[in-house]
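Take a look at the structures below.
Two complexes follow with subunit A in common, the first pairing it with subunit B and the second with subunit C.
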Partner chain A sequence: MPYHEFDCSKVIPERKQHAVVKGEGEDLTSCLPKGYLNTIPGSISERGCAYCGAKHVIGTPMKDVIHISHGPVGCTYDTWQTKRYISDNNNFQLKYTFATDVKEKHIVFGAESLLKQNILEAFDAFPEIKRMTIYQTCATALIGDDINAIADEVMAERPDVDIFVCNSPGFAGPSQSGGHHKINIAWINQKVGTLEPEITSDYVINYVGEYNIQGDQEVMQDYFKRMGIQVLSTFTGNGSYDDLRAMHRAHLNVLECARSAEYICDELRARYGIPRLDIDGFGFQALGDSLRKIGLFFGIEERAEAIIAEETARWKPELDWYAARLKGKKVCLWPGGSKLWHWANAIQEEMGVKVVSVYTKFGHQGDMEKGIARAGVGTLAIDDPNELEGHEALETLKPDVIFTGKRPGEVAKKKRVPYLNAHAYHNGPYKGFEGWVRFARDIYNAVYSPMHQLSGIDISKDDYATDKGFVTRRMLSDANLPEADRASPLTGYTGPFDPIAALRAKTDADYPQFERKTSTQAAE
Partner chain B sequence: MAGFKKEKPASRANYPKLYASDPLAGFDEATREKVSAMEDYIMKNCLWQFNSRGWDRRKQNEGILGKTTKLLVGEEVENETPLEKCYWVDAVLLSRAFRARCAWLAGMGKDEVQALMKILHARIDWLTIDGSLNEELTVQNY
Partner chain C sequence: MNCEVKVKDRIGTINPIFTCQPAGAQYVSIGVKDCIGLVHGGQGCVMFVRLLISQHLKENFEIASSSLHEDGAVFGACGRVEEGVDVLLSRYPHLKVIPIISTCSTEVIGDDIDGVITKLEEGLLAEKYPDREVHLLPIHTPSFVGSMVTGYDVAVRDFVKKFARKGPSNGKINFITGWVNPGDVTELKSLLKEMDIDATVLFEIESFDSPIMPNGDEASHGNTTIEDLVSTGSATHTFVLNRYEGGKAGQFLEKKFKIPAIVGPTPIGIRNTDTLLKKLSEATGKPIPESLVRKRGVALDAITDLAHMFLADKKVAIYGNADLVIGLAEFCLDLEMKPQLLLLGDDNSGYVDDPRVKALQEHVDYPMEIVTNADFWDLEDRIKNKGLELDLILGHSKGRFVSIDYDIPMVRVGFPTYDRAGLYRYPVVGYGGATWLAEQMANALFTDMEHKKRKEWLLNVW
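Presenting the complex of A and B:
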């Protein structure tokens, strides 16, 4: 096994099994780090807790819901507003956060009555919201508070409200991934099948593992609607609580982030016979193939082809403009879980960059299999990295840019390596054809930022030019370009600052109306 | 919660092992090159071979590569259930990609294509199931 041992982790020998370098001739049977294990003591991990994974990643993007944490206010604070999962109802779920504010005395005397009081107050404060999710935390789990009993009591007293209880305290798994699992299974057990939806199309999907980061879900939903497909529910970005209770009526589950949401797809397949189709919404080729597959499944492939042709004609030249300027740039692809495989091949093929390292904070070995399969020879793959390993890798690999979360990202900046936010994005959405160009623009702006060049000069001791003005990104990026590329009349991305506003302004009249078949024909 | 089937297939954890070593190892250079080109495409562009459990991967590989073979040799593909149709969707994309990238396929006879696809299937099973280092493949639940 081509394990990689970091100098800084020699004092934690078990860490060696968590990093590999993919060598010439290596494949998945000889090159795979350990994964989804408890963090080794002494390693300062970048992971979150299982409560965070359940609430922050999956629960809270649901838009028409009061999301309440039962526990100390600190847990809630750490899961509030740090991700950009916007929604088309004025971001209710981002603007308001709720916690029962458990204190020492509640640990001694119990916090169930406090919870009930909080639930009632929250519903009274927002009378138009009738749905709630409640999250267990470490402290309240340890004292044995029965959240389900309180939720049942409230639902009996107020028949117009519906409450979902998520028992995933912080210690319920090695990382946030344990929480993803728990909330997936809890949702299908408690809520799926409790509401019958209105079916408006012959082609009905659940869009699963999609969190509407800066509008990703709305971009993809627009494509689906242009194909005449009903998105019955989105699990969970911009998703509605009641739509998600009706997931059992879809014809197909279209799965985007398998890391966080494959469990519910697998269970929907086992319990209701709904197939699971894994897709990639990132990258022209992968997205095009994804739309084709969905089209094929329903026998409407030509509708997918029309969208692909239109979008490619509009956006491909702008993507190519960036690709010419990003060729050969070294990237550390260091996201949380799924983006290491969503992006690894697409950014190399379509933007010309070279992925020199992939890592995952909370992924399983299955994610590493996908990531390593898609990365090239020489790639350093790290599971559950610690901060010092990140430092060491930046020094040895010398990447031009890294894609990661904001904590390691800000550290990288101090080492003068530009970073892009892989979780919440910089100027997203990144999904969709236009989104992929926006991602390329962000990479370009990061790699060629004149600020990064200037930040390397210490004016107290270094020589610096006094006869030159400020350089621009374009001067830096085009200096060594072939003449043909430099002569291009394009200037990069020409879309609007906010591409989501136009999508939200669309009405049913803006989408093609397709004649419906009978329900029997459609199911065939 | 009414209306769903609770029982789980007993085969979940105890799927049989098929290969004890790399099934590609004994073949000639030309065959290995062809299989590697197809394998490379699958590994870089597909996700279906990486479902989380071993028994599930076995079904996925068989479903999709089986249908891909039929499409490549011009046999009719039956899709009696939505699950079968879902395999077929991935198979259609895969067969198109193979035809576009592997020009040598056009010059091969039906038997040769079937034999080659059998080796590819064995190799993908080896990489993703029987030779896999993924310790979660035998977990019983999802």
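Presenting the complex of A and C:
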């Protein structure tokens, strides 16, 4: 039986089925933990709520929108300025957040007129913004405000504005994942097909499940544009509200984070016949394969190959420099949902690290299937981990580095395990060929920090060296390295602090112009 | 009258200055030793508050959720509190105190957390944990009432109410600091030590700033004990430094145990610290020692270098917790600065009658606005559209983009200050805090002069 029972969770026996260790010769039929079940109260789980899954994860990265939460101010405040989903319109959606400020009297007498006045005030404060998303919260769901009716009323009065309503209160589901689903379906039901786009290419995609963390979307969009592909919309990072209303006109849905956004892809396939292609922007091999698949779908493989060749030549040596120095380092891969399988294989294959544990806060069994399949024998897989289990796992596994959220990162810090932010990244973006080197760089900088080395010394007991005034990362990382690796003339990553600035400076003239097919060719 | 007090003239909130009540109660709960709060509501109400606290203090704190899901929202979720308490007790053997903190959702559905506690005390605790010291207390913090500040105030009162017992006088004072940082507590305790005053400090949070130890077994937690809380009923006086963050506890102790409550001042700046020391001296009969005259002199020595040369007439906007904002405004006036706009982020109707606010109204000789129920748009709109000119902003990190986008220097102060390193370690109260604040403000202005090349040569000979 591969189930792993934590000592700290013996008193809550139902937890036993939420963790497994992948044994020798075992497959998924024998080692799949339970997933996406209601949380055990008081277990100090790391899960968030369905409101944050809808608003914070998927809704807010949409850039040209007033994001207003109908409820008390806390939901809005708490989910504001806690992520790094940037945008190329001066980060409007990152800077501004709106709450209807529901008070006790509204709970008693209803908050619909309050909502309406709020909507008008918000549009008046930002006259250049004509799009809005309204998020329901626990309080306004329970008092039963009809948000859709108010939105319709305002749209009738002000024909130049458009409003999207997302009814996903915090309690709607075991975790934030419930909110992902709700906002996916709400968007396709309410908004897709309400605007006709201008088609400028023979190859048109929606880029779905991509949130532009530190510029990921802009990196990937650059590759697509270099292939002559029109990115009709991005759901939702750096995405535009009106572009997303036209999703129905794409030829292909290119899906990145399946955990949070496969629902809309599946609906787009069912309703509009648009095929879904799952891709992966992390890792040279996976990213290269992804670009190839897209190229293959459109019959433009050579364009993909050209990019892969160029980028690999530029960045692979630097990745390999890090891989030589990260080989065998133990990693706990503890993200929220899909990164456990996006990263598990790629970091082992391309950076040489060893994943000793994967976990998911809000993933489903399907995510665990993919994660465990890609992880090696002995990997500890945990669904909906809690505080004490995290401690126990860190103490048992003794990883060299952990990829997780900001607060769990503080737990790891105290245990002398350096952390990288798996949700918002340290110094990303991490997607793209260059981004993958940046990720390797961040891991290296964490693992070989001289401060980390110092923190293990007990000056009251240990016999420690006094012959050095400093130690460099290289002195630590290269100490036991084979001579051939040590002799490398490289020194690691050579890109800029902010690689996105250069991408934003590009104009159409910087991209290759491909001949459009004639309409008869296209029809064939 | 030059200074107007007004309520925000919009109904909604654009960029809130505060979060809601449960966050304040959670911040109180982490100050108590062997205590884990159980927040009765959706998981986000805990997950994001823990994140917020960890952003501010760069430390992790344990707070639990009852994990309200759809079924509970429909059929009632008291059972999840019962289960949550059991799970916590069975997994955390050192745990003694569990405050049950309500939220908007569980207040709307009307879950009776007081009743659940009685049921747990008579059932679970008596049957499953008969030999264990366990205390449960309800803290009602619906998010649609007040703000994180009132949540803090309510929670301090509820902890005191739960534990305080009248015994023979312990000769100590109760010293309720309000929502402050570890660095503030260190500064305040050093004042008390110099005065030779024995105090029960609520809350003992210096240990929030904890080390990495070679064996990796350290964790941050508060150090106020049950015994400390019990003894608050036997004190000679209660000092409430921040009227809105501990005032209710002071009132309770005065009413229930006849312990006189001395409210204020928020000891920000030289003058307010002087006043606090005088009040401490009067209450305890202990003289103000020479050592504090010297400490005060060191602060004055540093500030004198700055005030009339660099800080005088600088226009400043201040936002955040009311006691902090008012204390900072008072100190700025003593520094010859000109606070233009004070933003208080909740709808407390008492602010307008606050004697400190009335004094500002009486004496300020230039236009100044105080806005209650304010949001960050009250600041940005005035800068962007209404011609407000500022030299400096004082407030917490959530307002950072106003400073960035309008290129106005800002000194981070209050909660949270996640976009600057280590601020929780420094005081804003006491003489040490006065020095630190004045120097931070001056250095921010100096950096701005250089960044904008505005009389940057001024500092050549300073």
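To be clear about the criterion, the second predicted complex is superposed on the first by the 507 of 524 C-alpha atoms of A that agree within 3 Å, B and C clash if a C-alpha of one lies under 4 Å from a C-alpha of the other, contacts with A are read in each partner's own complex, and residues count from 1 in each chain.
Keep this in mind: contacts are C-beta pairs under 8 Å (C-beta built on N, C-alpha and C of every residue); 3 or more make two chains touch, one makes a residue touch a chain.
Remember, predicted model here, so these are calculated numbers, not experimental data.
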First (subunit B), second (subunit C), both or neither touched by A:62: neither
Which superposed partner A:374 touches (first subunit B, second subunit C, both, neither): first
Touching partner for A:82 - first (subunit B), second (subunit C), both, neither: second
Subunit B versus subunit C as contact partner of A:277, first or second or both or neither: first
Which superposed partner A:208 touches (first subunit B, second subunit C, both, neither): neither
Which superposed partner A:289 touches (first subunit B, second subunit C, both, neither): first
Which of subunit B and subunit C A:29 touches, first, second, both or neither: first
First (subunit B), second (subunit C), both or neither touched by A:457: second
More subunit A residues in contact [subunit B versus subunit C]: C
Shared subunit A contacts, counted only where both subunit B and subunit C touch the same residue: none
Partner subunit C, residues of subunit A touching it in the complex: 8-9, 11-12, 38-52, 68, 71-82, 95-104, 106-107, 114, 117-118, 121-122, 125, 137-139, 141-143, 169-176, 387-388, 405-408, 410-411, 413-416, 455-458, 462
Touching residues on subunit A, where the partner in the complex is subunit B: 27-30, 32, 34, 36, 189-190, 193-194, 248, 251-252, 258, 262-263, 266-267, 269-280, 285-286, 289, 292-293, 296-297, 341, 345, 364-366, 369-370, 373-374
Touch list for subunit C against partner subunit A, complex: 10-16, 18-23, 36, 38, 41-45, 47-52, 54-55, 58-60, 62-70, 72-73, 80-81, 83-88, 90-92, 103-105, 108-109, 142-145, 147-148, 210, 212-220, 347, 377, 381, 397-398, 400-401, 405
Subunit A-facing residues of subunit B, complex: 1-6, 8, 22, 43-45, 47-48, 50-52, 56, 81-83, 85-86, 88-90, 92-93, 126-128, 131-136, 142
